[in-house]
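Consider the two complexes below, in which subunit A is the common component and subunit B and subunit C are the respective partners.
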Partner chain A sequence: MTRWMLPTFLAVGAIATLVLIVGPALYAVSLSFYHMTSLTSEPVFVGLAKYADVLSRAEFWNALVNGIVYAGVSIVLQVVLGIGFALILHQPFRGRALVRGLAFLPYLLPTVIAVLTFKWMVDGSLGIVTILMDDLGLPPIYWFETESAAMWSVILISVWLWTPFVTTTFLAALQTVPSQLYEAARVDGAGPVRRFFHVTLPVLRPILTVIILLRGVWMFNKFDVIWLTTGGGPIGATEHLPILSYRTAFALFDIGAGAAIATISFLFLSLAVFLYFRAFPMEDDA
Partner chain B sequence: MTTGSTGRRSPFASAAIYLAAAAIALYSAFPIYWMISSSLRPTQEMLTAPSLVPSRLTLQYYYSLLAQTDYPQQFLNSLVVALATVAITMVLSVMIAYGVTRQRIRGKKAIVAGMLYAYMFPPLLLAIPLYTMFALVGLNDTLLSLVISHLTMTMPLGVWFLWGFFKAMPFELEEAAMVDGCTRLGAFLRVVLPLSVPGLVTVAIFAFLLSWTDYTFALVMIGSDANKTVPLGLASMIGAFDLRWGDIMAGSTLIALPLFAAFVMLSRYFVQGLTAGAVKG
Partner chain C sequence: MTDITKTGLVTRRRVLQGASALGLGLAMTGVAAPALRAQGGRPIRFLNCETGRDTLAFFDRIKAEYEAQTGVEVVVDSVPLGEAFTKITNGIRSGTPYDIANVGFVGHVLLLADEGHIVPLNELTDPYEWGNNILFPVDGKVYWYPFDYNLSVIYYRKDLYEKHGLTVPDTWDGFVANCEATVDGRQKGCLFPIGSNGATNWMSFAFMWAEGVELFDDAWNVVLDNETMKPKAAAYLDFMERLYPTMPPGAIQADYATVLSNIVGGTIAHGPYAGRVLEAAERDNPAVAEQLDIMPYMDQSGQRKAVSHGYDGWVVLNTDNTGRAMDFMRWLTTDRLIDFLHTAPVHFQPTRLDIYDNDQWRSNPLISKYSGQIETMRRMVSDDSMLVTSIDTQGPHPDTRPGKVFEAFVMPEMLQDKLIRGLSSAEAVDRAAARMRELVG
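== the complex of A and B ==
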């Protein structure tokens, strides 16, 4: 028993990794080489035809650009807001624990609920936001119906949902900055802004690099916010690669092309992560 | 602004901080307040311009939701899927993480690297092949298919987090127990696991959170009304002919409450999990 315990654990691990992660990923890639009109039909090998087809479509490039805009803008806003929130919640004030707790809450909400609540708040006739804006004499916003507003709406919901991740991780990191550094900077006459840029940011740069990487990867892959609000519309204005992949595989029943889009999307992300590591090398403390 | 240790703050700076804190609280909590308060309003208030505070509270939407819709069944489905996902995640990730940290063997890094890579998979890169595989073996549209899909998110998280946890735990502890006559398994069960409880709690919480809040995999895997989970059920209410906002907000509140309650009781594990970078979301 003693001799076999660890090998057994590792065997379970290898099998689970193969079945749950490596297997499906390889299967997805292999599906992208076949044409299937339905799940029950015989798959026909078509080589790289699905890739050629996907890459020649304008909607693919539109989706790629939309995905970069969606992920890019929402990461920048999450990081800026999250750091700002963390700096304030790091100050001592009465009721701080409560505000810290409240600032975390959006992260716990299922995306569906955040979307539904947002839709209810901006409901065309009875939404609280609509009514308040009307009272203030502001023109109505068509949150999901116009091309420019739709992208900002999905970004707004995403930023609200995932800023707490940045706030919480950055706040925890702030508590590790040695206070002597601040004292020294203060003795040298550095004001709060200079202390932030010359003490806080350099010390927390490694953790910030990781935060931006993780959020970037997840925002690029995020499917549900856009699917539940605009479904990619209007006229493709918010359609990004996850939506295009889903629509191709499950609405147009072209499993091969859907898998090809997911594969390209993953390759693109891998390349982006590789370049990110080159630009911002991380010391290996793992 | 950048230090937490200043005792000499001007009244102006103090006021600015309280103002900023109030803004953060309002921004983060108002939509949640609005969800909960909408679920408790009388109907006539929902159909006119609503006041910020309901004039009186009523549970009518909760009654209609529980009595007239599939919500109870969906809630049960969500619970079954989440609990099964948590249980399997715990067993698998403990075994894998412990094996990887304690056994000297070539190629074990590949398991950890594979888990890390899984973080980057677009959801559809897993959902499409899983859906196809489930259809081939006749598992499509079952709760089991959803549990297996959720494991692709939760297992990497569990292994990654516990890997860091076990690595930091000194091997001498187990050695001492084995010198005292424990078997390897005995040392693992009596020494390592009890010391790992904080890590296990964190993994359980986040596995539950991921499974409980998932919409994407449920959308792909589940087709029939009988097997829908709450996120899927609520999302399909919005496409319905008449928008029953009161019912929708009641359903949203009910599924958020267990998470809020868990957060109030276990907040330090949530923070720990996030800061370990263990969490996908």
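== the complex of A and C ==
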């Protein structure tokens, strides 16, 4: 390696980050200080007026709460189920390699395919689930017809799609836990549950911290599942900040307000990540 | 043989020979293709939003044809209609605007006109007689060339009507009774979308327009909740509450495709849509196609009929290529319009009244086969007693304000407040009116 290679690689990375990420992000933030009635109208500087406007809207707070509920419940379910599946797939059994491969499958599916397939399966007239339930003499399920049902439906799809990420990551980490620790615990009389809570979890705490952090950030910003299923409805029941920001900017053409919502969302998430690291520091103090 | 190791590859003689050959080549090109040379400049950029297979094939064909005739290249980008406006404005903002674009929402036409991004097309539209409520002129200037109506009408099943001894209803009570009578296991009475989407905006409110509900007065004040409109709007919500149990589960999710597949699949006895239903049924379920007929939306007392307004058109952008774009538009809208309409023969309902009597247009097999329905559709846009309106075309004149109501899904949420949240009709109307005032000031 020549003395110029390292700075060159760093420079390329830094320039790409500046041009493709930092630049557009700063531009988006700058838009929040202007009033524009379309993408092509003349921008008028309005300072923090868009922020004041957005924060005074009930729909903003509704979207924030929806986002927290959606991300929070999804993460809890993904982590609990993902760890459960990982523990099962960690056990030796016939065909384990195949099952491990299949378990990862939902994560490989493009979201749009998974969502549209789900929608067609539960379609009220033609969906296979609807028809099967009818054949079994069961009443139809109104998957999206009430506010709570719609939220649970989008959570269900999200959990199905992204639990495999938790499973796979946790399963990989499980294989790094020294077997001597389990043997020692077994000698001390610890059963499977105590071994999990007193050996597995403490050893895998750093990886779990990262999994929860990543899933949290991704779920809070997740746009496609909700957009493709409910579009934020009914009556705003599944509308979270990314959807609200998009609708405000690109449907109502209040570009400044849309950018303000996105900026507040970014600040909120940054604060949440900061607090998360304070509560669960990555460094091992011991 | 030249010894290149001594003289090198690049010598003065070789450079002069190369330059001469290049110059001669350019000159020959000019002699061979004067039209091409004369046109120079950049291609015409055309944004198309009609993404049916036949329509895409049509554009592939005519752009080659136009280039062969004139030497002018036409580049056609095709995107779904929902993405069109963002593409148009992004193009303008990035300095690479489209020259011609497909628009399906009059609010977008007005926004572009207000900002000077599109040019009047009166020279193309003035020579013809047009159907009702379609040109949306601003101070006498027409900023788009509407190529089709997509009126939302109610499709019903003639065989089910015959089986149950039903007649085409004139009143809301009659319509509810027919929907109830046709529920039979998986066969449902009707499907009218109620979700926050374009399908609901387009398909579910013409009952309310027939009843005489208006959203704005002549001064753009919101009047939905005044003493005249509120009882009518509330009655409409009560009517929808009676229809709702005759629908399949999932009306909240229903979009254009859902409604289309339910009508064509034969799972509902009544459903709203435009002409595409007949094309799809003819292709996918001919037995159902034979049994479909159309009716307009009706009011409570049988006094008035309405259809929900839908339309598409082309705008020409104000670019350095506008002259060429206008030439292309002139050619497209005179020489090739019928061919274009034939790519979706029933769905692309003509906006120009002369086309209904055009032999070439009428010669299409589907247009001949469904001439009865097409005649009904023609009357819907030429008979002044038929109300042709929609959320985005409400108000005293074309304006962006009803567009905001449309895009914010205020009316679908009014329906959801009633049908899903269980608010009283009066409360739902009040909330919708308040939201409209928030949006339009």
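Things to note:
Simple rule for what comes next: the second predicted complex is superposed on the first by the 269 of 286 C-alpha atoms of A that agree within 3 Å, B and C clash if a C-alpha of one lies under 4 Å from a C-alpha of the other, contacts with A are read in each partner's own complex, and residues count from 1 in each chain.
One rule holds for everything that comes next: a residue touches a chain if its C-beta (ideal position, glycine included) is under 8 Å from a C-beta of that chain, and two chains touch if they have at least 3 such contacts.
Given the structure is predicted, the values throughout are model-derived calculations rather than measurements.
When the two complexes are overlaid on subunit A, subunit B and subunit C occupy overlapping space and clash. When the shared chain is aligned, subunit B and subunit C each come close enough to touch A:119. By the touch criterion stated above, A:101 is placed in contact with subunit B alone, subunit C being left untouched. In the superposition on chain A, A:31 makes contact with subunit B only, while subunit C stays out of contact range.
Of the two partner chains, subunit B is the only one touched by A:21; subunit C is not.
Once the two complexes are overlaid on the shared chain, A:210 sits against subunit B while remaining clear of subunit C.
In the superposed model, A:144 makes contact with subunit C only, not with subunit B.
By the touch criterion stated above, A:41 is placed in contact with subunit C alone, subunit B being left untouched. Once the two complexes are laid over each other on the shared chain, residue contacts for A:250 go to subunit B and to subunit C alike.
Subunit A is touched at more residues by one of its partners, and among subunit B and subunit C that partner is B. In the overlay built on the shared chain, the residue A:235 is in contact with subunit C alone; subunit B does not reach it. Between subunit B and subunit C, the overlap after aligning on chain A sits in one stretch of 115-123, 223-231 or 259-267, namely 223-231. In the superposition on the C-alpha atoms of chain A, the part of subunit A touched by subunit B in one complex and by subunit C in the other spans residues 39, 119, 123, 126, 131, 250. Those residues of subunit B lying in contact with subunit A across their complex are 1-5, 14, 17-18, 20-21, 24-25, 27-29, 31-32, 34-35, 38, 46-50, 92, 95-96, 98-100, 102-103, 105, 108, 111, 114-115, 117-133, 135-136, 148, 151-152, 155-156, 159, 183-185, 188, 209, 212-216, 219-220, 230-232, 234-235, 238, 245, 248-249, 252, 255-256, 259-260, 263-264, 267, 270-271, 274-275, 277, 279-281.
Contact residues on subunit C toward subunit A in their complex (touch as defined above): 86, 89-90, 92-93, 111-112, 115, 117, 186, 188, 191, 195-197, 247-253, 258, 261-262, 265, 267-268, 404, 407-409, 412-413, 416-417, 420-421, 439. Chain contact summary for the complex, subunit A toward subunit C: residues 37-41, 119, 122-127, 130-131, 134, 140-147, 150, 229-236, 247, 250-253. Residue ranges of subunit A in contact with subunit B, taken from their complex: 1-2, 5-10, 12-14, 16-17, 20-25, 27-28, 31, 39, 85, 87-93, 95-96, 98-99, 101-114, 116-121, 123, 126, 128, 131, 160, 162, 164-165, 168-169, 172-175, 179, 182, 192-193, 195-196, 199-200, 210, 214, 217-218, 220-221, 223-224, 227-228, 241-242, 245-246, 249-250, 255, 258-259, 261-263, 265-266, 269-270, 273.
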